[in-house]
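These are the structures, in structure tokens.
The same chain A turns up in both complexes below, where it pairs with chain B and then with chain C.
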Partner chain A sequence: MAITSENFIKWLENYAALLNENKAYLTDLDSEIGDADHGINMDRGFQAVLKKLPDAADGDIGAILKTTAMALISSVGGASGPLYGTLFLEMAKSADGKAELTLEEWAASLAVGVEGVARRGKAGAGNKTMLDALFPAVEALKQASSEKRHLKEALQASCNAAEEGMKATIPMVAKKGRASYLGERSAGHQDPGATSSFLMLKAAAESLA
Partner chain B sequence: MVSIVLVSHSRKLAEGALELAREMGGGELNMRAVGGAGEEGESLGTDASAIRDAIQEVYSDDGVLVLMDLGSAVMNAELAVEMLPPEIAENVRLCDAPFVEGSVAATVQARIGTPMEGVISEAKSALAAKQTHLGNDEPEKTAEQPPAGGNTNEEELTFRIVIDHPVGLHARPAARFVETASRFTDTEIRVTNTTENQGPTNGKSIIALTALGVRQDDEIEVTASGSQTHQALDALRMLIENNFDND
Partner chain C sequence: MKKLINNPDEVVRDSLLGVAAAHPDLVKVHFDPNYIVRADAPVRGKVGVVSGGGSGHEPMHGGYVGMGMLDAACPGAVFTSPTPDQIFEATKAVDGGAGVLHIVKNYTGDVLNFEMAADLAGMEDIKVEAVVINDDVAVEDSLYTAGRRGVGTTVLAEKIVGAAAEEKRPLAELTELCRKVNANGRSMGMALTSCVVPSAGKPTFELPEDEMEIGIGIHGEPGRRRVKIQSAREITEKLAEPVIKDLPFKKGDRVLVLVNGMGGTPLIELYIVYHELAKILDNHGIQVARNLVGNYITSLEMAGCSITLLKMDDELIRLWDAPVRTPALRWGV
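Presenting the complex of A and B:
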């Protein structure tokens, strides 16, 4: 069973809806340790994606992801713009020309995207960033893929791993972004970027299979 | 000439920095200011595709130098370069100089035809003038150090003159001085503020020159060594005597 371009459209629409529902929540998280704009920025970005998606709906998965990246880059404004923009841009390159992806290909594509985020943000695991949700999600997908698990199960495993990773950011001390200015005081708060990344994997579990 | 792109979270700041840099002497330089997010750039933020477009608009093979403010402006500038065709991207440089000071310094230096590396080094030392003036910190050692030794066959000539311009040797007068001195590529120009006992320093660097803190009625000493000492000193003396082209 493979993931089709229709699945990808559904995923992005679903993620946009989740971000819209959680706009105030994400912004509240961000007001604790950042500049209180994460929900607003992500929602603005994905509303722009929704507007552009119809142009790419007939294209391959690479085109859909690239359209998403460009819409985010031009509309988000804050640091999430280049970070999520890079994530989708790198995934787009690895899915170029493909009408569907196998589980193995999706795991590889997400991995490339997440590496792009780490490179762009000069961040690693344990810095209290979106990567703390994304790295475990990639690992879970790769493992499920190597164990030849069903797509649906694999996606759920990656969503669960992202959720755990997100929760694990609570005690962490931020090393990157504006939260890092707070030093030790950033501990005790869940990272907003890890939260929006978890929502992305949650939407994937619901839509990609 | 090196082209320059200025990137800020605030469109007003980017445009303001551009205006300031142009006023200091970037008249005919290819420059763009990019900033702000949203369709009209009305909110604070940066946009990698707008930065990429600006780079392409001003591009020449002499290269494009991008100066940016902070945070996501840096990431978006990097992303913009990655979005460019490789043959253009290889001639684009991102500069870690302070935004406003660096923009002015880079612009003045680019306009006199300095190649990319020189423009970058000038921009990076752009805080020196302020540091020296406020006395908080030792200015960073900059590329303005003279080449050691020098050719012993070259003659060295000197003149002293009082600066009559109301702003002293800062802003446009300093830019004109650097512009004039830089025409004599094989001649080293050193300037000392003899009133304040500052210097000598490189007369072809706007940053080094303004760091001398020369005010109106201060006396400076200008020394030239190299192949065109007479011509260079004549040109500089004429510039100062004409009060920097009635600037």
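Presenting the complex of A and C:
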């Protein structure tokens, strides 16, 4: 079973819809430990992605991901713009010229994207960031891939791992980003970046297979 | 909350249109991507000085574009860093052949977006240097935080470095000067209220009637601690003592004092704070060389204030006094 360009387009459309539905929720999370703009920014970014997607629809998966990256970089702003932009840009490089991805290739692509985020943000696991949802999702995909599981199962596993990772941010004290200015006060709140990352993997579980 | 706006999602655009209409002699406003540039840019042989950040802090940074201060400012969405394409286009627009200096406030978003823009500029052979301002003493600069935020000293750096740039000093010198200003400036702020991001429609945090936040940033984000509200005297002490201790500012030092309103506090109150601060500085034997009282780096309609102290020497005083002609600061012309 392979993931096609159509799947990728569906995924991005689905993610855009989830971000739109959850705009207020993400913003509320960001009010607790940030500056109340994460939901607004991600929604704006993915609305911009939707506008550009038709131009890339005929292209390979790399082109679709690159178009997404550039749209995000130029419309989201904040830290999320460069970080999500880097995620998609690095994934785009690994999927360059490909019309289809196997589960193994998707796992590798997401891994490379997430490494890019870690590098750019100079962050690691446990800092209370988007990485705390993304790292577990990558591990789950790699594991499922090595166990030769079905695509749908693997995608669901990575979604579940992301959800657990997102929830695990609640007790963490933030060490990166705006939440880190709050020190201990950031504990007890779910990280907005980890939440939007979970939604991305949720959309993937629904649309990439 | 009541705001004087049209469509909440068009606040930045509407406001930029107002800036363009109000100050055509000083600035030009470029849309898509958005940036404000001095009307006579690029000035040949002069280093272009560029800054930017989220909107909602006016007059910072757009109000500081003009002769003697910034060549360009990039306004992001409210409280959101501008994007690399804005900063890149602004950088190109002010490149007078002598390189460009980016003055960047230390927030993850600002740093990342300016970094990406500098990469883009580098690919087009424009020499860009960046200095990160991180003067806020409320945050511990440690491995465990995103570092100290850039706040009031940013405004002072833009003026001082802008004056030096006007003298056609080279990029390396201006970079050093900006670092020196950053190293000698310290700030701390407090809030009596939160603020409402237009698209969010409600306050970023709830502050009960009898409480205040100490150690706030400029984005309506909650601060370090929340305590019962006190008198202006006690509040000023709570801000001044950590600032003085942090550098430390010593007896005999000459300082530039900025008593800054967060946007929602009236001037009558800021002057009360200034009075308290003047007494504290006098007690410490610290001399006030220059001062600024008013709204210079705000957080929409947040009520509160911040204080910034910058250790001065003869050169910094001369550059502070140098002529400036921008929408928000104008003297010597």
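Note that in this section the second predicted complex is superposed on the first by the 209 of 209 C-alpha atoms of A that agree within 3 Å, B and C clash if a C-alpha of one lies under 4 Å from a C-alpha of the other, contacts with A are read in each partner's own complex, and residues count from 1 in each chain.
Just so we're on the same page, a residue touches a chain if its C-beta (ideal position, glycine included) is under 8 Å from a C-beta of that chain, and two chains touch if they have at least 3 such contacts.
Being a predicted model, the structure only gives us computed values, none of them experimental.
Partners chain B and chain C, once the complexes are superposed on chain A, run into each other and clash. After overlaying the two complexes on the shared chain, residue contacts for A:G165 are found with neither chain B nor chain C.
In the superposition on chain A, A:S74 contacts both chain B and chain C.
By the touch criterion defined above, A:T27 lies against chain C but remains apart from chain B after alignment on the C-alpha atoms of chain A.
With both structures placed on the common chain, the touch criterion links A:L83 to chain B and to chain C. In the superposed model, A:S180 makes contact with chain C only, not with chain B. Shared-chain residue A:R120: touches chain B and chain C both.
Listed for chain C are the stretches 223-231, 295-303 or 313-321, of which 313-321 clashes with chain B, judged after superposition on chain A.
The residues of chain A shared by its contacts with chain B and with chain C are 41, 44, 73-79, 81-83, 120-121, 178. If you check the complex, the residues on chain C that touch chain A are 33, 54, 76-85, 107-109, 112-113, 115-116, 138-140, 143-146, 149, 197, 199-200, 204-205, 217, 219-224.
Interface residues of chain A facing chain B in the complex, by the touch rule stated above, are 41, 44, 70, 73-79, 81-83, 85-86, 89, 120-121, 178.
By the touch rule above, chain A contacts chain C in their complex via residues 27, 31-37, 40-41, 44, 73-83, 120-121, 173, 175-178, 180-183, 185.
Contacts from chain B toward chain A in the complex involve residues 37-38, 43-50, 71-72, 75-76, 78-79.
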